[in-house]
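We just call them A, B, C, D and E in the order they show up, numbering each chain from 1.
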Amino acid sequence: MPTPSLRRSDKTGLPPGTIVHVGARPTGPAVVSIINYNEHGFDEQVGADVEACVASLQTPEMTWINVAGLHDASLIERLGLALGLHPLVLEDIANASQRPKVEEYDGYLFVVLKMLEYDLEQDQTMVEQVSLILGDNYLVSFQEDSNDVFDPVRARLRNSAGRLRKFAADYLAYALIDAIVDNYFVVLELMGDRIEGIEEQVAEHPEERPLPEIYRLKREMIALRRAVWPLREVLAMLQHSESSLIRPGTVVYLRDVYDHTVQMMDTIESMRDLLSGMMDIYLSGLSNRMNEIVKVLTIFSTIFIPLTFLAGVYGMNFRHFPEIEWRFGYAMFWLICGVIAVVMLLYFRRKRWL
Amino acid sequence: MPTPSLRRSDKTGLPPGTIVHVGARPTGPAVVSIINYNEHGFDEQVGADVEACVASLQTPEMTWINVAGLHDASLIERLGLALGLHPLVLEDIANASQRPKVEEYDGYLFVVLKMLEYDLEQDQTMVEQVSLILGDNYLVSFQEDSNDVFDPVRARLRNSAGRLRKFAADYLAYALIDAIVDNYFVVLELMGDRIEGIEEQVAEHPEERPLPEIYRLKREMIALRRAVWPLREVLAMLQHSESSLIRPGTVVYLRDVYDHTVQMMDTIESMRDLLSGMMDIYLSGLSNRMNEIVKVLTIFSTIFIPLTFLAGVYGMNFRHFPEIEWRFGYAMFWLICGVIAVVMLLYFRRKRWL
Amino acid sequence: MPTPSLRRSDKTGLPPGTIVHVGARPTGPAVVSIINYNEHGFDEQVGADVEACVASLQTPEMTWINVAGLHDASLIERLGLALGLHPLVLEDIANASQRPKVEEYDGYLFVVLKMLEYDLEQDQTMVEQVSLILGDNYLVSFQEDSNDVFDPVRARLRNSAGRLRKFAADYLAYALIDAIVDNYFVVLELMGDRIEGIEEQVAEHPEERPLPEIYRLKREMIALRRAVWPLREVLAMLQHSESSLIRPGTVVYLRDVYDHTVQMMDTIESMRDLLSGMMDIYLSGLSNRMNEIVKVLTIFSTIFIPLTFLAGVYGMNFRHFPEIEWRFGYAMFWLICGVIAVVMLLYFRRKRWL
Amino acid sequence: MPTPSLRRSDKTGLPPGTIVHVGARPTGPAVVSIINYNEHGFDEQVGADVEACVASLQTPEMTWINVAGLHDASLIERLGLALGLHPLVLEDIANASQRPKVEEYDGYLFVVLKMLEYDLEQDQTMVEQVSLILGDNYLVSFQEDSNDVFDPVRARLRNSAGRLRKFAADYLAYALIDAIVDNYFVVLELMGDRIEGIEEQVAEHPEERPLPEIYRLKREMIALRRAVWPLREVLAMLQHSESSLIRPGTVVYLRDVYDHTVQMMDTIESMRDLLSGMMDIYLSGLSNRMNEIVKVLTIFSTIFIPLTFLAGVYGMNFRHFPEIEWRFGYAMFWLICGVIAVVMLLYFRRKRWL
Amino acid sequence: MPTPSLRRSDKTGLPPGTIVHVGARPTGPAVVSIINYNEHGFDEQVGADVEACVASLQTPEMTWINVAGLHDASLIERLGLALGLHPLVLEDIANASQRPKVEEYDGYLFVVLKMLEYDLEQDQTMVEQVSLILGDNYLVSFQEDSNDVFDPVRARLRNSAGRLRKFAADYLAYALIDAIVDNYFVVLELMGDRIEGIEEQVAEHPEERPLPEIYRLKREMIALRRAVWPLREVLAMLQHSESSLIRPGTVVYLRDVYDHTVQMMDTIESMRDLLSGMMDIYLSGLSNRMNEIVKVLTIFSTIFIPLTFLAGVYGMNFRHFPEIEWRFGYAMFWLICGVIAVVMLLYFRRKRWL
């Protein structure tokens, strides 16, 4: 039953451990794919069922089960039962409004992450939740939607070369996390490009109103920070975890991803600073320009005010009006007008108002 | 003696341990309800007295006593005596201006929480204080007013299925805290909806002045933060408590609620950022619009200034006034006016003032 | 020798331990009062001298010596000698510009606090320094001025009921600190009332300029924070002190006052947020209103500009001026004026400038 | 070789330990003064050379060597050699752009401080660097310039009374630090006076533009913070130092100076808050005043606009112009003008624009 | 294959440990130079190959290998193989978008730093990455481009005097870091000069628009902070490192550089404060000036409004118009005009609008 948008509040009053999908519209059925591999072999199964998963888990090979789609509560429940997962873990997997975190349970680690992708069509950053269950010889990953972020990892598994096939499930978990974090850089650099674009626009075409775009960037940056800050904690905890599931050789790789998240935090903070600086520049530039216009026009009007008054004076109908009778009265009027205008312009210039 | 609003300062000068109700107007008498339950049975009593409470506490079954209404000092005192509570605890229960906290005493834990509810009628977030006394085989909860936030928990107790009847009082305490925190999400999502509403309004109808609404939201958000920040500490302390009253199996559930509070903090911080960003957008949009109007009108006036001056000139009464006598003087006047207007418009356009 | 205001800098160059009173104008001589009490008896002496103090200290009963007035250096010195206090302690007692702090010395604890009182006459929050010397069976308190904040404690001592007479000097110290902190709530609530008053004023009478009042509140809030922040530390240190002077039974009471200070910090931070939010509202409301006026007036002028031009045109004196001769020229003029005005009003309305 | 201003960058590329004076223009030669003292005697030598220093150090009495002037690299080097100082210490002594710090070396402590003085002539706060070498029975102090901040300490040494002559070198170091910190209060109070002056000015004569003065104060406050923040750390470290050079009896005195720095931090933070609040008040007051003027003038013009139009109307030359011919046409014109003006004034008043 | 700019996102999807150069356009081939030295001898080789490096490493002398240019992946890989470096280290060396950090590996320390240089031609601060591999008897440094920052260190090595030749590789590493940090001061002082320049400009020629320059400085300061903050952590970690590669005698030198970074952080924060204060001054000064102009002009117009109205009145054509007929009507008109103007000027002056 796909609804337009499932919210956290729909769960109010339900007992803990109830598996309810909270998140964006699910599309199509959930797809389960199983990859069994060791140093010598590789075997891939797409569209498998829970029974196939259970069978794979009992083989000595490493097993990577990927579930794309979180709306099939029964699927998650049966898989959870097969793996002996805590009810709260299952609840959290289905609830895509989680915060990135890592939790240690008996025999497995539960990791929640956010995957970022810049959707070029909608011109918007999309956030997707990924949960990982890291067991001794298996890794189960849950995504909201099937997408191609994990494809490079699959390719490296197929290809017998590389460390990936030789190492255990924790290294595979690292590889998936690394793939996710690598994608963050793509999103960040796109943001950087957009910021540079606005910078140029602010400097050269301030009349084009970059404010809504700045606000949108700010909004996306808030979303990004919400994904990256806890991610950093997750990686710090994995790195310093005393769980035997994280082998010592993997720790140095986790430290590497940790460094990447720190680097991203840095970049995000710098971008925030730049954005707010840019907004100041834009706003003050705009008001400067407006003031400039109003000033010039005001000066212009001011020069004409005494001239108009003078014209009014010589339009009066007094019977006794000496200047009116003069031979060069009219010429003199223009002369006075000219003198007034020139004197005022000089005054404004000397006062540096022009 | 129900007074309109009781304040913290009314207690100045009283010795510590004096039970004085501080909070909003109490309505009706305090209502005590007792629920006795174990895995096999369930028994509910509404409108009980202190003696019934004492009797229930002596049975081996789990006992949940709920007191709705904090203004009956004698009731709280007698109940406190029966349970052997510290005088300061009783004082804090009656004083509804407490900060969420947890305190360990010999034989029981004292927890203070804030319950949030969005009152649709008054279009306002209401804050209510809930105190919990967690003993070995009993839980006493004090609310300011009887409301239905705990009803789902009561329903789950009545229903023999579920973990709730099998576990001890600490799990019941968790269930109540969870019910309270679940309600926070409802309030938060309503706030999110209102923020989105303002966002739209700012973008499309800035003349409708969303400022007072933004200020109200800010105010409610401050109240929300004041409830959630210490709540997070409370849950962290409960989770890491060394008290034997918190059984190891309950800790994982407390961690789950803890995660929820962290998630809420996140959401609140993001909302704050969005609100202040929106206000910037609104204010600058407003001043932009105003500037735009003033600019166009100023330009309009500026074009007419020389024309009016010219009309004044030809209204002068000089005796010797060559143009006045010309055959096509009047037509020429209109021609000059047209030329001036066009030249100025072109100038303004080239300067990008239009 | 009462001087208008003694300043910290007047002490520059003096050796450490020099007792110099720094603070507001002392009024009248310093007054020493002694209270001796135990569970069974109570004895009060007002206007005592140092010898009486020494005699009281040697009795087995609890002794509370209160000194009101810090400008009598010789009194403080002799009392300090009798109690064996460190010279720096005596210097700090006399210097009323201290920060709240607690210091442990051999045989006694030295506590500095700030007492707050809202002076209704001067419509201002007054800050006064209180120092406590907590010994094994005595408590010495120093105030700048005699006031009635400690009166409820004296009343409870006189009255044989209550914990106060049964407990030791540390509980008396707690009772005094509690009395001081209780008074903070009175000041805080008065501030809250004033903030609400400004809120209303901002919403309904923005022309009444609440800015100076907002600034005054900000100023007082800064003073309040400076008193409360270190107070919190003082209470945390007392609570976790390993000194044998603080008996275990008193710790739970100190925790209670500690909670009150945390609650106050919370309230102060919220008030700050409200104040700054209110100021934004006020400023933007003010500029909105001003813009509104200027806009309406500008539109009004703009409508008259072409009309005035037209009147000028028909006031010209061209000899050949066809319209002037027309039978209904004047009526037509008014018609044209009406059409122009209506068209412009419609245009402004369609552009939503009105 | 006195140069106008020596900069940190002139040292780029030099090996560590190179003694290069970085700081303001040195005036005159460096002056060395030696004071030998113990409980019974006191001996002072001004304008001594390095040999005299070495001789003094070998006597059992306490020796205080004060060097005023940091530009004599050879003097510093020879003295350093005699005392067995680390090359980096010598480099830091000569480089007056150091941050306050304390470093423990074998046999001596190295302390860097900033001395503040308000130069009344230049109306500016001057910062000077002071370095202390605290050995077992000697103290060497280095200043940029000879000034009189240490004079009260010298006077107390000469005077046989007081703790100073009885205690060891660490107490002398404390006395010097205390003298320096006491001077901070003088500077702070002068700042406080200036802030109060601006406050008054803002409230009563906003047209006098206090902005540059506010900016100057802000600048000096930044310099002050840079001196005080690390000073606080220095004193905390000295106080908790495990070095045997700091005797237990001195620690309580160091704690006292530490308290002073905390108090100063507090004052500085409050002043910053006040300054920024004042600036807000000033700016908004200024724009209020300007808006007020523009509003009144705009209303004034607006009243005259229809009147001027009317005058223009009756100046038209239409042949058929009924009103012109009327007996009381002119009187009626003034009547209409009066009615228009009164109606508009009433309208503006009702709209609360006046 | 020199490309205009290599970005972090180009690495998305590659396995960890892949050596891809990320950074600005490489110019020319990578240049390897080897310096072998001990207390007695010194031997330099420029343009060496990997084999020469390996040979040098096997001698007992200290070996410093400097690689200028990071785009030769194969060179870095072979060198890494020879030194037994972790693949992630090699990846990080090539990726010039790293954050400063220090990592301990078996047998070597890996340090990443940022080198700053002010490019006078482009009037811009350039950031370059430097990586150091510190082994027991060797140091390998990787720069993006060959530049002369390390030249003073080379000169000191050539010159047999000085500590450098006597100490081990860790002291050489310190010397390089010190050279880099020394260069930061040059950049900082240039920035300080520019800030002073803007300060002057703001005070004296506000019409010259220093905003873009302020924004540029802000941008560079953000970059600077990003380099210095983590550098401080790096030096703290090196200083407190328990690695045997850092000899105790070097720690005091590292502390010295650490102090320098703290000092820089201080300076940067002060500069940020100054910049933002300056911007406030500039903006408010600008709007003040604009308001001043508009005010004066508005007052000017306002004085002429009643005069122009009066001229209009006496230009009316009423048949019965008493004043028109008066002998001194015209003179009286000018008198009235003069009176009106003077009265208004006096009023404006009394209201302090002028």
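Everything that follows uses one rule, which is that contacts are C-beta pairs under 8 Å (C-beta built on N, C-alpha and C of every residue); 3 or more make two chains touch, one makes a residue touch a chain.
Everything quoted here is computed from the prediction, not taken from an experiment.
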{"item": "Chains in simultaneous contact with chain C and chain D", "value": "none"}
{"item": "C-alpha-based rotation, chain B on chain C, 0 to 180 degrees, nearest 5", "value": "70"}
{"item": "Chain D and chain E: spacing of chain centres that average the CA atoms, whole Å", "value": "26"}
{"item": "CA centroid of chain A to CA centroid of chain D, Å", "value": "43"}
{"item": "Interface hub residues of chain B, defined as touching at least two other chains", "value": "287, 294, 298, 301, 308, 312, 315-317, 321"}
{"item": "Round-the-ring chain order [start: chain A; next: chain E]", "value": "A, E, D, C, B"}
{"item": "Residue numbers on chain E that touch chain D, as the complex places them", "value": "151-152, 156, 162-164, 175, 178-179, 182-183, 185-186, 189, 203, 252-253, 255-256, 259, 262-263, 266, 270, 273-274, 277-278, 280-281, 284-285, 287-288, 291, 294-295, 298-299, 301-302, 305-306, 308-309, 312-313, 315-322, 352-353"}
{"item": "Of all residues in chain C, those that touch chain D in their complex", "value": "7-9, 11-17, 86, 88, 91-92, 97-99, 101, 103, 207, 209, 211-212, 215, 218-219, 222-223, 226, 279, 283, 286-287, 290, 293-294, 297-298, 300-301, 304, 307-308, 311-312, 314-317, 321, 323-330, 333"}
